[in-house]
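In the two assemblies presented below, subunit A is common to both, partnered first by subunit B and then by subunit C.
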Partner chain A sequence: MAANPSDGLTVGAGHGRLHLDQLAVGAPSAVRRLPAAPKLAGLFAFVTVVAVTPRWAVGALVADAALVVALVVIARVPALVVLRRLVALAPFLAFALTLPLIGTGEQVDVGPVALSVDGLWAMWNLVAKATIGATAAIVLTATTPVPDIVRGLEDLRFPRVIVAIVAFMVRYLELVADQLGRTRLAMTARAHDPRWLWQIRPIASSVGSLFVRTYERGERVHLAMAARGFEATMPVTGWVTPIRRSDVVVALLPAVAASTFAITIVIGT
Partner chain B sequence: MLAMHAPDGFLEPQVALVTALASAVVVAWCLRRAADELDDRRIPLAGLAAAFIFAAQMFNFPVASGTTGHLLGGALAAILLGPHVGTIVVTVVVVVQALLFADGGITALGYNVMNMAIVPAFAGWALFVLFRRVLPTNAAGVVGATGLAAGVSVVLASVAFSLQWLFGASAPVPFDTVFSAMVAVHALIGIGEGMLSAAVVAAVLAARPDLVRGAQDLTPAQLGDGDRVKARTFVIGALLVVVTFAAVVSQFAFDDPDGLERVAIDQGFIGSARDHAFGGSLFADYATRGIGNEQVSLAVAGLAGATVALLVGYGLASASRWPRTRPTG
Partner chain C sequence: MRDLRFRYPGAAEPVLDGLSLVVAAGERVAVLGANGSGKTTLVLQVNGLLEPEAGEVEVSGVRLDRAAMRDVRRQVGMVFQDADDQLFMPTVLDDVAFGPANLGVRGDALGERVTDALGAVGASHLRHRTPHHLSGGEKRRVALATVLAMRPALLVLDEPTSGLDPRGRREFAEVLQHLPAAQLIVTHDLPFALATCPRSVIIGGGRVAADGPTREVLADVALLARHDLELPFGYPPPR
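Now for the complex of A and B:
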């Protein structure tokens, strides 16, 4: 996160410094042992069910939230890690909090302020679904090493080119980010301290040269790979866990549970 | 910034589904178009370009005393890599951000990919091609066109988001309010995006002009003769961006009634129409949004939508016509 927001060159966008190998933090657990592909499929199914659950099915969304908290506990992901990674949601949660105030329609008086009823529902809807969805995604990344996630995408039959681009991206992301960090350090060391938009020329030049250096690194990477017999498919390295049917069933349990909650509540009302 | 990296539940499921299908189709089409470009040599390069866009988004730039913004990079990616590869690369960035960093919802990927990758890349490319026609055929012209196209592409992305809001608002905030707020905020963001993208392309042109897809038609001589005009083009470009934004914003954004008055107008309607707003088929939503001046909403939506669609279409068309090789000489 931004160490010094005024230097104009801090790492922002909620990502902090990049250490992809530290994304997976969970201690050994049932969730961690699952292969990546079923876990990804389970995540997609679960967040989809949560997204289509109607907002007035309060009980279902509360049950989904409890479920996702249970997942965090079962996966043994430290609560602090989850909260820290939820920071990306902050602007949207702030926006959600304003909805009862700026929303139109029927108003209800709460103390001195009039709040929009629809706005309150919208706030609840956004806060619940955004938080549940993001937490579920955090459980996945906290229990699955990044190379496994890439492998999982491949097992799920994502387009080969997309998976290969993702693989190269995550492989070189830290290097590129480090290069950026070194440039930033060098600029700061030379008293670069921009305050205004018209002072962005040096930053833009650094980003431009970063592109050139990144691209040239890509050219070298390809040459090195070609020299080692690369033929357009990523070789399988490391130990691949075979996917068993029971893994798929287990991974889909949260989605099944969430659909059960939603259907029960919807039919019940 | 609210259009970017939207979380789960930000728009209604039907819009999420429709945009997911549309985005998947466009990205699949881009993959097909780019198949001959993305041979085994280009795949590592595309991966590195994705890492670059990701890193560039972390590079904060100052806006005004203390406040900072960051690059979005959709138009820049299209101008550097071509719109097809650019779209694919930014899509990968958006997907990885959602999967690995919970930055943007997974069920929101449809509209996030559309607003951050497809619209900026193709509309940005279309504008870039159009601006290059009127600007001189040299490095300065490319830089100026980049600035204008990148700046306006951000505003168009916010227009695209507002239209999605019209069809799938998750909150009772009328289209007009969302539209004016989004366009105004993104006009400001667009100025930064335009200036930064232009300067990035200028830096790349100076070092490795062959890496700028949008400048492939320039001869080395044309690349060389732009230095003196550069600063002036830059200033004129930035001014043009500001004027364009001012025109767009004043045309559409500020002709809605005062907020309090609006609440009074809407209360009668929306109180009774509430069930529709939540039960919501596409059309139920459509009919209840911004009912106070539906005509204006629809006119604005139609016009804005047509503009985005035209530009994206033009970007698609011009991308397939773009010369593949640089003329020597």
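Now for the complex of A and C:
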């Protein structure tokens, strides 16, 4: 019961429900049709290029930003969804904003405050790269259902253990969030209305019991796995998502473009 | 199963105390008993998830021991009480494929098993769904499919009707009646036992306390009362 069904991470009133299945929103688009594996590879390549671009190559970073905006448009992800999900970056950005104030070295006066030049560059670096990278990741999650991302990791030959951990997290995160929501509801129903820090005790103990219940569920899940022949390694299905070469080329385009910008600017100066 | 004995670590009284039970191929048997009578303990023995202190389990002529564990687990399909424990993969498709993939089935053969199993429980349309978002009845049927995909000779179901609404229960009973595998159905839902199983056993004191046609077992009100079992309010004993 999310307040807004278009946003997967909305926590509904009192229910604490997580909707991982609603992360993928976009209308049918070229990006949505691509298999998950090339998209993941494209995202990794693009984020890597952006991260290693020197911070003084302002032109390259601006071009990268334009590229990401174009991607949002092509993928037909609503701008509002992108902005709402970018809110997750807020703590990092808030930290970045303090850098010019606490930085040392050469100072520049802006009105009444003296700002560190180094700090300003550090701030620009963090803000620009984090926003570009996060937006690219948002495009991926908004156009790819979560189980497909898991399968994509498998297709990319990620270590099976890692893929299994991600898969279990995807499966049980919502269940645990639901349980937490029900516990909160049960507390509210008995007139628990925490406002101050010293009222935190029931919440802390409910988190504790949630941990124990989750641990016990883990044991039961393991029994269920063993009953179906599980012996320490996740089974191989032999199912491979058909991936055309053209899909890979399309998915890598943003990364190629970004590295071209970076190289041009770096050589030009 | 012959002369099974089992005691949980630290417990004074054994849960199973010389229990013997034979299920024929294709037979459906209800296992009835009060809470704590050892029903769940019994089913965990059948495919070696718990090891008995004494006694032996034999499935399709194979005696259960460490060496035969894999073989026996292929023969015995367990459907657990909480479907959320049983369905642990991101999609229904992955989950149904898990068991047969562990047995070494790959590619197209694996796809065929998944399609057959989902078809047998009427859940083909759910294959790309996330288990978390299925209804109780759908979860239960998919949980059954995950086991059917391993093509077991014996199905063991622990409280298959808990948390199901009447319609979910009826649909599930219909699915079970059309399966060729032998079934051991642990339940205290007596009408469900009557609807699905021609034979019933009552577990009490760590042994089989009664064994007979379900209709006769349920008609013996004094026997049921001795084992803390009751027909739902308003139900006359079957004749």
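In this section, the second predicted complex is superposed on the first by the 218 of 269 C-alpha atoms of A that agree within 3 Å, B and C clash if a C-alpha of one lies under 4 Å from a C-alpha of the other, contacts with A are read in each partner's own complex, and residues count from 1 in each chain.
The criterion applied here is as follows: a contact is a pair of C-beta atoms (placed from the backbone, for glycine too) under 8 Å apart; a residue touches a chain by one contact, two chains touch by 3 or more.
Not measured: the values here are computed from a predicted model.
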item: Partner chain in contact with A:228 - subunit B first, subunit C second, else both or neither; value: second
item: Partner chain(s) touched by A:83 [first = subunit B, second = subunit C, both, neither]; value: neither
item: Subunit B versus subunit C as contact partner of A:73, first or second or both or neither; value: neither
item: Partner chain in contact with A:211 - subunit B first, subunit C second, else both or neither; value: first
item: Partner chain(s) touched by A:56 [first = subunit B, second = subunit C, both, neither]; value: first
item: Partner with the higher number of touched subunit A residues, subunit C or subunit B; value: B
item: Subunit B versus subunit C as contact partner of A:140, first or second or both or neither; value: first
item: Subunit B versus subunit C as contact partner of A:168, first or second or both or neither; value: both
item: First (subunit B), second (subunit C), both or neither touched by A:102; value: first
item: Doubly contacted subunit A residues - partners subunit C and subunit B; value: 20, 146, 167-168, 170-172, 175, 217, 221, 225-226, 230-231
item: Residues of subunit A that touch subunit C when the two form their complex; value: 20-21, 146-147, 150, 167-168, 170-172, 174-175, 217, 220-221, 223-231, 235-239
item: Of subunit A, residues touching subunit B in the complex; value: 2, 5-6, 8-15, 20, 23, 43-44, 47-48, 50-52, 54-56, 85-86, 88-89, 91-92, 95, 99, 102-107, 116-119, 121-123, 125-126, 128-130, 132-135, 137-138, 140-141, 146, 149, 159, 161-162, 164-173, 175-177, 179-180, 184, 194-201, 203-212, 214-219, 221-222, 225-226, 230-232
item: Subunit A partner contacts - residues on subunit B that touch it in the complex; value: 1-2, 5-10, 13, 16, 27-28, 31, 35, 38-41, 43-52, 54-66, 68, 70-71, 80, 88-89, 91-93, 95-96, 98-107, 170-174, 177, 191-192, 195-196, 198-204, 206-208, 211, 259, 262-263, 266-267, 270-271, 274, 277-278
item: In the complex with subunit A, residue positions of subunit C that touch it; value: 44, 47, 49, 70, 73-74, 76-78, 80, 82, 84-91, 94, 97-99, 101-103, 106-107, 110-111, 128, 130-133, 146-147, 150
